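In the two assemblies presented below, chain A is common to both, partnered first by chain B and then by chain C.
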Partner chain A sequence: MENLVLSKEKLPEMLTEIASKYALFGPIEENGFTSFKHINNSQEINLDYLLTRISPKSLIFQQTETLFTFNKGKEVKVNTPKTDEAKRVIFGIRPCDARGYSILDPVFEGKKEGDYKDPFYTKKRNRSTLIGLSCNKPDLNCFCTSFDDSPASAKNVDILFTDIGEKYFVDIVTEKGKELIENLSKLFSKASEENREVREKVEQDAINAITRHMNTEGVVKKLDKMFNHDLWQKTAMRCVGCGICTFLCPTCHCFDMQDEAILKEGARIRVWDSCMYPEYTMHASGHNPRPARMNRVRNRIYHKFSYFPKNDKIFACTGCGRCIDYCPVNIDIIDIIAKVKEAKT
Partner chain B sequence: MTKNPYQPMLATVIAIKEEVGGNRAIKTFKLEFQDEKVKENFNFLPGQTIMISLFGIGESMFAISSSPTEKRYIEVSVMKLGKVTNALHEMSVGDTVGARGPYGNHFDIEGWKKKNLLFIGGGIGQAPLRSLLNYCLDNRNEYDNLEVIYGARTSEDICFKEKFDEMQKQQDVDVHLSIDVQEEGWNHFVGFVPANLQRLNPSPENTIAITCGPPIMIKFVIQNLLELGFKENQIYTTLEMRMKCGIGICGRCNIGNVYVCKDGPVFSYDQLKDLEGDM
Partner chain C sequence: MVDLKNLIEITKKIISREDVKYIVGYKKGTYGFQIMPAFAYTPEDAEEFIYSPLCSKNLAVYTILEEKLPLKRGEEEDKRKIGVVVKGCDSRAVVQIIQEKGLKREDLVLIGIPCRGVIEPKKIEKMFPNQTDLIEVIENDNSEYIINIGGKTHKVPKNELLSDVCKSCEFPNPPLYDVLLGEEVEITETEEFSKINELDEKPTEDKWEYWKEHFERCIRCYACREACPLCYCKECMADTLNPQWIRRSVNLSENTAWNIMRAYHLAGRCISCGECERVCPVNIPLMELNKKIERDVKKMFDYTSGLDEEEKPLFGMFKPDDPEDFIL
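What follows is the complex of A and B.
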């Protein structure tokens, strides 16, 4: 892994250079909260944020996306829309959110022969270069370290920036990252041993600042014996079913497909959906396999901590803490897993 | 762009048969793909499903109810219940629908050769069984006894009635019909499907039982089959769930860690009994 440093005052120049060749996305503050948006002017970027409210999964797996259009005149025609071909750079993504992409990859890209690939996701994912930004000061509900990750993890990004004071320490992780930096090399200088030591310290301090931990050891096996445990009913008693945990989660990937049409033309559009809603699984016959909130709360936890590990060998949780931060009734996923660990079966 | 798996192919409705009228109307739609190559080459196996699109309305997954031995068209048998099925029932011959698939796994038509097949259907649940049954009838020498136990709420609700009548006359299939409540002129069994099964007491020897119907019927049919001595791996069912993508991505049709759209819809009871999930 090659290491460079970038003086902070050169950051705008770097971003301007990148924006001239790539579609640049980064955190922007709007209406009091940050989210990842397309950036035209490097001044727009706000790096004072820790986590955007909506995770950057929305850049790859869009909240709404046209899957195809149709004309339904005398002769019906269907067409796949032209997709955005521009190469993208996502700047300032946090290591946990970058890990979210890695968790979603097997879902959308397929994992074995014969699996379907989602071209909308795959294309945007392959065209994106990720420049991560380490977290110097993790938040109250951050727990990425519970998943063998770190606030300065370079595992799921192409390049990682770490704020070391006057400068950013730059880890060039992948070939894709190297390629991006090559044309910008005049802005960077070689990292010194001292720079590296500061980076290590920043990472260690950040790790030490994380106070919350989820112990997932043995949880998959434990859940196998807890499907009928009263923990789910108890948790569901508090849940209001708003679905915010699923919309903000960087690994939730459920979607609905809806038609929007006027008389002769229209489109089938994919929109984020949430397993927390009763309509989600409701059959036309009226039968609903998950009729009660208990069923839906249980399914959400099982999907992340049982089904994902069974199907994709990974927990579908990054430890970003959004579902804890934004739950209106303080349901705490760390607490739920702790109760799973404690539960008598 | 790599192939867009969400974009359906186009198919023309070439015939519509009204199977059941009234409140629980069922129609069978015969569909022909508009693309000549697709029409020639579309292949599927009994048990597989297809996503039918009505543009501007939406999409629903159906079991293909025709047999793959019937070439150049497919059929779906649809009960009028929700938004898409209501709109489908309004369609006329010559109209265009979207179709993508086939999806999912299928009945083991190779492994079940030289075996007796016992079909146990209820209501519209006969649709996926019809594909397999018709396939077996078209390859009659490959299979041993074929027996059908089928029930509906009333005699008016019996789906594929003419086909049952025809089969009863042919004598190479045993057909046992039932309705839930006695009606004048009805001289077959009265009662629920699981009760009819118990009464008929079929032998499990060299037999595969395939059942489809309302969830509650499936539950008791399986219970009765086990009591009759059927082993878990001799009992098969095909499940339905609300589906959107049909290709294992959108997340809603799971039972435990299994997706009905791609890992199913056909399951043996052997697989199902260990599957803890909401059904």
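What follows is the complex of A and C.
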């Protein structure tokens, strides 16, 4: 791993250079919160943000995706939509959100040779270079360290920027990252030992600033014995059944497919769905295997902390804390896992 | 001011009754300023109940969230009553649902709270960010909130943290209750629609620009619908597939259809608790839509929702002198 430093004044120049060759995405503040948007002017970027309201999964796994278009009539033609082939750079993504992509990869890209690869996800994912930004000041509900991760983790990004005061400390992690930086090398200088020490201190301070922790040890096995525990009913009593937790989550990935047509033309679209809605599991027969909120609340926890680790050896939670921050009724996933640990079975 | 002892005593007494299944109230949340809805099945559970200016959530929603699942063989339906702690607007929501025959009065026990307004969670979290420890807030007689954080006491003028809907609330006292905790509060506010009137006077293009920006970012999580005590249709028009009134695609056109249709379905029904706007994860000012319709309904039909459970809902009545100049 190569280490460089970039002076903060040179950041706009770097971004402008990148934007001239790539489609650049970065955090922009609008209407009181930050989201990842296409950047035309590097001045628009807001780096004071901690987490975007909606996770950047929306850049790769779009909320609405047109799978194909068709026309109605005697001669039916099916057309694949033209995909945007531009190479992308996602600048300023937080380590936890980048980890979210790594968690989604086995779902959409498969795990072994011959597994189905979702072309929409795979194309966007492969075309994207991730420039991560370490968190100097984690938020109240941040708990990434509970998943062997760190606010300055370079594991899931191509390049990682860490704010060390006047400069950014730059970890070049992958070949893809190296390639991106190659033409911009004039802007960077070699990192000194002192810079590295500051970076390490920044990381350690950020780790120490994380106040909430989730103890996941043994949770997978424990959940095997808790399917009928009254914790689920108790928690579900206050759940109102909205989709905030699943829509803001960087790892939730359920979707619905629909044909939407006007007169002679139509499209098959794929759109985010949520297991918190009764309609999500409704069968055509009218039977619903998850008829109550209890079943649905339980499913959300089991999917993240039982089924997913069993299938993919990783918890489907990054510790970003969005579901805790925005739940209208204080359903707190850290609290739920603590209760799972305590529960008598 | 709500006497906590009194609240717990009364809750205990009610939950001890054989005809009451559970009571919905508030208890401390898991961190900071969080409060969570609490369900008391036994007198011991009632010990956890609290009430403070942080209790913004409209609990009337839990009367309609009660799930009636198919009964197992030999199982009998539990017909006991549900108890709910209600503020002014929460009680109005219950009244409105009863008017619409969505609930029966005899199925409910209402513990009324004369409300002095609630704190907007977003505002207090912005003023005192990153609070891990649970924090209590009390209101003094000088219209100030007393907030104790880590041994330091902060006094904040009420107006700075008060929920916007509370600022012009004409009905802080519950119109319907079985027990009222404490004295009714004096009504000092009058409903005012200055913000709506201002927006209304703008040219159509400007209004569209304004709403376009808001609707564009709607993620259709339906939190507005689920948190609303008056959105209780068995099947929402947003979920029907045949006919499909609103497409599932998330784009400006469909998002606009969703938000406007929801606002219209609440015409003459919305009781201005502000829950939809409070829960919206992308800050859409939904109450501006509801308030506009509330103002128009008041002007045209001299009608206010959720005040008398014997009255008919707006769309269930007709007067010969109803205005009809909006009919083309």
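Observations
Quick note on the criterion: the second predicted complex is superposed on the first by the 342 of 345 C-alpha atoms of A that agree within 3 Å, B and C clash if a C-alpha of one lies under 4 Å from a C-alpha of the other, contacts with A are read in each partner's own complex, and residues count from 1 in each chain.
By definition in this document, contacts are C-beta pairs under 8 Å (C-beta built on N, C-alpha and C of every residue); 3 or more make two chains touch, one makes a residue touch a chain.
Only a predicted model underlies this, so the values are computations on that prediction, with no experimental measurement involved.
On the superposed chain A, the two partners chain B and chain C both fit, without a clash.
In the superposed pair of complexes, A:D256 makes contact with chain B and with chain C alike. Of the two partner chains placed by superposition, A:G73 touches none, neither chain B nor chain C.
By the touch criterion defined above, A:D118 reaches chain B but does not reach chain C. By the touch criterion defined above, A:G218 reaches neither chain B nor chain C. Looking at the shared chain after the overlay, A:R53 reaches chain C, while chain B stays out of its contact range.
Of all C-alpha pairs linking chain B and chain C after the chain A fit, the shortest spans 6 Å. Looking at chain A, you'll find residues 256, 258 touch chain B in one structure and chain C in the other.
Looking at the complex, you find that chain C touches chain A at residues 29-32, 34-39, 57, 61-62, 65, 67, 69-70, 129-132, 213-214, 217, 219-223, 225-227, 239, 247-251, 275, 278-279, 281-283.
Of all residues in chain A, those touching chain C in their complex are 30-33, 35, 53-54, 63-64, 139-141, 211-212, 234, 237-238, 240-244, 246-248, 256, 258, 260, 269, 271-272, 274, 277, 279, 291-293, 326, 328-330, 332, 334-335. Interface of chain A with chain B (complex): residues 67-68, 70, 72, 75-76, 78, 80, 83, 107-108, 115-119, 122-123, 224, 227, 253-259, 261, 266, 268, 270, 273, 275, 280-285, 287, 289-290, 295, 299, 302-303, 306-307, 310-311. Listing the residues of chain B that touch chain A in their complex gives 1-8, 10, 53, 55-60, 81-85, 96, 98, 214-215, 240-242, 244-245, 247-252, 254-257, 262, 276-279.
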